[in-house]
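Listed after this line are the structures, all set down as structure tokens.
Two complexes follow with chain A in common, the first pairing it with chain B and the second with chain C.
Here is the complex of A and B:
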């Protein structure tokens, strides 16, 4: 092949910075990690950061090595595992370890508390409780093993099979299960034991059989969902046999749920064993079992309350240990699960590092990025963003600046395009304008002025009010940005009721008018519809209606047409242009598609790796691009390539924030880069009026214009 | 139906061989429960694909274009045997796929592979790259251990991925890199044809170009045929030898890529072309004017209840009375290929044909849009 990707791990700077990536420090920043999005962000993922994975400087480890490494990083789980190992050893060597014979009765010493002779006291027959606990460990481990293994061995394959194959097999098994569930659990167990005869082993086999139904139901549901995933189709097309798809593709992906169920069931086994033993169906007296000991202690609770303590504590600790180990294993298998994201608290730091101090240090450096003379926004600008920088502290005490000195403005009635590839920082810019940067990141330098009001200094409450009334926002995917359980009308009216005090009826009427305004046919009927009842184009129109409800002066549109068909895209863009003119609002339009920029924007700012690199009117930008990145984006448009020619590309990809090169950040991909471009940072310069560019060679380069 | 649109040799294209895939009168329907209660046994029928016929030659790329809901992806899934077929035949390399049971013989599976649109859900998140790419090698060639890994390495190399990615999970990659993994996975079994279901739609422009170039290089090297399903005509035009345009489950136009791009015959193709945004503000402004002048601002009709006659008549700027009643058949389109529209062929009424954007002979360059020369 004539090109290769730069190896994601070792970027142009030759590897990760000393601080490394911020694991968990930048919520949602980890590439595609499930659940990595911080809560409370209302569906706004910093998509620019999320989408561009691949650069995380992982070491090359095999799956197994990673499993052990993850597991070892959990001290509580290792302690719990050590306890379980200890329990097993003690049970195996019970005759050597136990101080007394657990069956040795001594009625004169019955129901004693702890003493030097009987460390944990004696029971009603004067037997040593400690010895019975130790021997009871044998029963406990045996029951857990038998019941868990049997239930899993029976339940897992059946559950996966009926979920995957479905049809009649599924229906028959499910009806049998429903009948079983309709009967009291104990009755079913007694019936099974009645057939097999009493005794601990039989009781546990019966319990295992019964518990397998829990696995069957759970796995069937999980597999039904997983079966729809494209990777299963992909495995079918490859030609993998069904059995292999079930156990190699589907099972590993339902394993986390399976492990949680398994650990929960282990606890249930210990308790069920106690109940069965009490009824004489499990461990037979005088055999010691924790559950039976606990049950018996109840009878004597008035005379010797301590009797319940040892079996109670050992049961609790054992179940806890099993759960801790189970959780850790679940989090470590396969790709693993990311740790839960920290609760979002505005402007509050992660506890381990003094984020305030770190960010203050960063702020000092970044304030140098304040606007140059020619970047100063006119006083009449609606939105003026000046030297805006956003940083995240890393857990190692470093700082990651993902937006550096952004300066741009939007005039009243103007549409400004914010253009760049994934990872360029354009969505983060929008979040920063809205004051919605995910914690622990924050604006460390610069200002955001809306109508002359400094937004970065507003209190949370005022900011929320401004956001609701002055700024509207629409997103890429209307379906996932709307609440599926609320009608469209209620969602449009919500902002009106909160911010403008509309009554329910008035809000509904206004919502109908708004739907009419955005060109939804039959608005009085659609106002009562749910989002899923609409096509993508209609849903996007409803989103726009929602954003317009409070008549904002600024509409932030984050890739609003990327998920739509081209024909619908045209309609939505036409709609936005018409609304802008009718309502006199301004639009900050974020997109990666230069065709869309040409269609709707008046001016555009091109972003690369967290910096604005070029800014001009759209006509100027397309006819006289001055930054090589702009030229690269233009040339990559397929329609700018002649038939039979190869499509032109920009080699490589946008580097991750922790691998941003020194000097001009574009230099590793730039065909015009010189030695000087690699060292010093580059300032914005203005060669012709109203056209600024961050390129050292802008004056001498003759770049290719749009065709 | 055989479509002889390959008469005109196209420059800078690899020679195209015998017919590899032959789809005739393919119809796919889905049923949907109508009622919400158990007593309502009624079912709706979704006409996903209706009477679709086309063929693909060895080493050829056929672009399949249309809006979402046009049935283009369903057609791809039917060919992959992922969706049951109601009627019609799909013949691949001489074998009738539609006659086969659900479990397709391995050697047939080996012939057609797939790359899906969403690189996030099409790669099993709990498998590392070596296992993802190596799966086909194990299934079809029985390769294991070091022999398998060696082959995986050379496949990774051929799609431009570094060797140390072997033990990584899909979530550690960017969208473009994942798509490369998916391509390597498909190539592993040495297929004769790959169904590319919107392979670049979710990628950035420059990444998109990288992946498209990779696909073209692989075709030149290996002679693999592509069914390239997409909604973006500008990409499809670039990679395809021929393009078929689908609307509401039917093919409405099929022909050489240059002709479709330069001189679309069907009003729907014209509409799709006009919708492609061009990275040129001046051209885009005139395109916009043309679009607003012709605007018929209606969503795609529901495939539950397709319109009578020509399915496009509800949105067509050239609609005539006959369109509302009679479904037009396929007739030869000027400049090559075929079109299903009453404006063409024997039954055509004396009405101005949709504006031809360019003469066919200059069609090798992108159309300077807005320059409409009415025929």
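Here is the complex of A and C:
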């Protein structure tokens, strides 16, 4: 790619293009937002406008300070800016600074390498290369000014005009721009220069014309967005003429973005000038332009290779400097974003260094956190989770334990509900059982036994082989949980092919059978469908088929009905119940909905803030809750609310893992909390057979049962 | 699939019409009289009129356009003011070199870019990752023709490994064809490769955070299969669009790089035409490029339909 307008969107930086938003899109370029700019800011200096980009209207000074502070926090950008200032000064004072006359020919000394007399050597006519580079800086700066001014002068009014007038004019201009953008930029420039004839001035006018399209798009987008905004409406209501609205209200808001676009375009202009002069379409001999010097050097590259070095290097350095400054300006003006890279680097470094040690420390503490005071899971349990703890290292070098001493079990053929509000650690429990905790988190203590096999001690590969074969899992949002570019059949058959060595054909057949099993109509056709061609309910049935492909003994269902319509929810629950009986599997059913628990589960474990707080049969749990949190959940069930009564809620919310209180984690929300609840950590205890609870007052409290 | 292709191709007609319209009218309002330029300095009024009639400049503009468009539809782009060769012929005879460079640079840039992007995504902050980041920022400031000059300096002048100039058609000698194209193609493909690797890296990182990757892991698939079948496959969908956008830039860049290696391609044709204000050649060149780009974009659209089932009509 030779020339790239900064809003081409395909630049190597991969950053967000600074170009205008699409019509009707967010007014992203206006950091001030509606009303952010005091009306009537007539002849205001660019710096003030930049400052308002920082987000605080009316506090111009502090905003400006912030802008400069942001700029200063990037030393490389400051160095680049200093270099550019130096370059401009040298170009202005070229006659004083240059050691020789750039046009002075000295054929006896031609094509020399660097020497004390000619610092950068001489060219084919014996002219001093250093002096020509210095004068070439003038050409570059002139070109930049011509192209930038022309592009802004043409582009800004046209952009505002078509944004405001809209209609057929807008459509025609945008169509033409589309064509221009589809073509290689060099081809467009060649066409324009073909009309006007070659030469530096013409080439730069052509470039300015072409680059005006960037402003047209930007301004049009901004105007369209601003038109939606209230403050323009109100100006119109007051009766300001349209032209006045444009210049007084829209332009000041757009200026920060405009400034950024302009800065970013400068690099493109320099590149284009070099390229066009190199092609002989821009600066003409004997004028000293960096691009033209490259062209000349090419002819003599066999005799004096060094000739190509100085102009090339000065082009690269200058454009790099311009781009660095441009990026810094963009980040400083742009929506209040601090410079990102250095911060990110620091954030990553800490956990990488210390993760292992930190987690080992956490493990020592948590292994003491036992499950001693109640009966162990029966030996016949399919899944026995005991004292399971999961921790994440924090960037500050600490540790965040988001799952602490989880203990529960699932018997063969049984459905266990794992209940709790969002953030209570249900999903993390499921992922821990699967061995899928996102890095850098780790299971730091406890055990997970499946059929008596300790999963936490398996190798990664053996654990992987357990997933999909022994344990299947379905997720909350079936749509996003399926690979959008693979047919449903391939996704179902995939596990069979990997784990059981099915042929492609056999896997397809089995997938069809499975779709039939989960009640997808017309399975032989649906097996070839893609996820986006299905409804949510169908997609969840496909997910279930996928999880059941290898006939796992345990199905983990993580809120499988939450994203579905109520009618579909019932169907999916019926399906799961039927499949459980037909296939004789167990289900670990994760949900926040006690109604669903009542419908499908045999037993339930209630979780709160990373801990299991109560576990019993569903019947027992509903009729004889022992933990105040369970009582709260039961009361909050709509089914337990009388007609005309307000829906009851538990006041407050589940605290975030870094704000878990000491003592009983529920005590800040608990109506029965006493002083003792706030300090000592509470262990699980068993008061009645097969019913365990984590509450020090469980024995004395008489809690309200479900109605 | 066929329906998609047909719809896309039909959609080209108004676009191409607009291109011909713009090309013709903009270039026809050129100041100066091409007839007098072609006629030379000592030119009588009769000779001038004869030239004007020969170029069709005596007819009204809209008539000229209709004639030109009619001929263009039959593949005849008129005749150069200066050489007796037909515009279509000279474009076709020079297109081989430009096409070779553009296609090879697209392939090399894509393969390198996607490959390095995958490595960077799998090992963030590794040597490859940091090198690619550095090259990406450098290549924003170093245009292809500049890289080309330095490649010539190193590999043709100093080490004499590859020819510094010239072009040999594939049909004459595939080996020489290849040898002459190594440096131009490398010069041209560095920037798109660097850009693409950044985009691939970002896209892959985004994809790895998707729910369906979790599903694939929950199925117990080996890591390699999760990466390739599930993550990469989806991560590459937006990359197809990026590659499409880059081809237009590569075609433009090829014109510049050709100049460095003195390769007789479309670039030298267009440059000579611009210097001489040879309007039919410029018109033919712009129209031809536009058609190529439009066809490439359509091809990319169709490929996109293949890799992204969501746009494929079922």
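Things to note:
Everything that follows uses one rule, which is that the second predicted complex is superposed on the first by the 368 of 707 C-alpha atoms of A that agree within 3 Å, B and C clash if a C-alpha of one lies under 4 Å from a C-alpha of the other, contacts with A are read in each partner's own complex, and residues count from 1 in each chain.
In this text, a residue touches a chain if its C-beta (ideal position, glycine included) is under 8 Å from a C-beta of that chain, and two chains touch if they have at least 3 such contacts.
Remember, predicted model here, so these are calculated numbers, not experimental data.
In the superposition on chain A, A:639 makes contact with chain B only, not with chain C.
Shared-chain residue A:570: touches chain B; no touch with chain C. Legend: residue contacts after superposition of the two complexes on their common chain; A:69 is shown touching neither chain B nor chain C. In the superposition on chain A, A:525 makes contact with neither chain B nor chain C. Once the two complexes are overlaid on the shared chain, A:650 sits against chain B while remaining clear of chain C. Comparing the two interfaces of chain A, the one with chain B and the one with chain C have residues 1-4, 8-9 in common.
By the touch criterion given at the top, residues 15, 18-19, 22-23, 26-27, 29-32, 125, 136-146, 149-150, 152-153, 157-158, 164, 191-192, 194-195, 198-199, 202, 210-212, 214-222, 225, 229-230, 233-234, 237, 242, 245-246, 248-253, 255-256, 259-260, 267, 270-271, 273-275, 277, 279, 282, 285-286, 289-290, 293-294, 297, 307-310, 314 of chain C touch chain A in their complex. Contact residues on chain B toward chain A in their complex (touch as defined above): 10-13, 67-68, 77, 80-82, 103-104, 106, 109-110, 112-114, 116, 118, 120-128, 135-136, 139-140, 157-162, 164, 166-177, 180, 182, 185, 189, 204-210, 212-214, 216-217, 231-235, 237-238, 257-258, 261, 271-272, 274-284, 288, 291-292, 295, 297, 299-300, 364-366.
Across the complex, chain B is touched by residues 1-5, 7-9, 31-34, 51-56, 58, 60-63, 229-231, 233-242, 244, 248-249, 252-253, 255, 333-335, 421-422, 519, 535-538, 565-571, 573-574, 592-599, 618-619, 622, 632-634, 636-650, 653, 706-707 of chain A.
For chain A in complex with chain C, the residues that touch the partner chain are 1-4, 8-14, 175-176, 178-179, 182-187, 190-198, 267, 271, 274-275, 278-281, 294-295, 297-298, 301-302, 305, 308-309, 312, 315-317, 319-320, 323, 348, 434, 436, 464-469, 472-473, 475, 477, 480-486, 494-495, 498-499, 529-530, 532-533, 543, 546-547.
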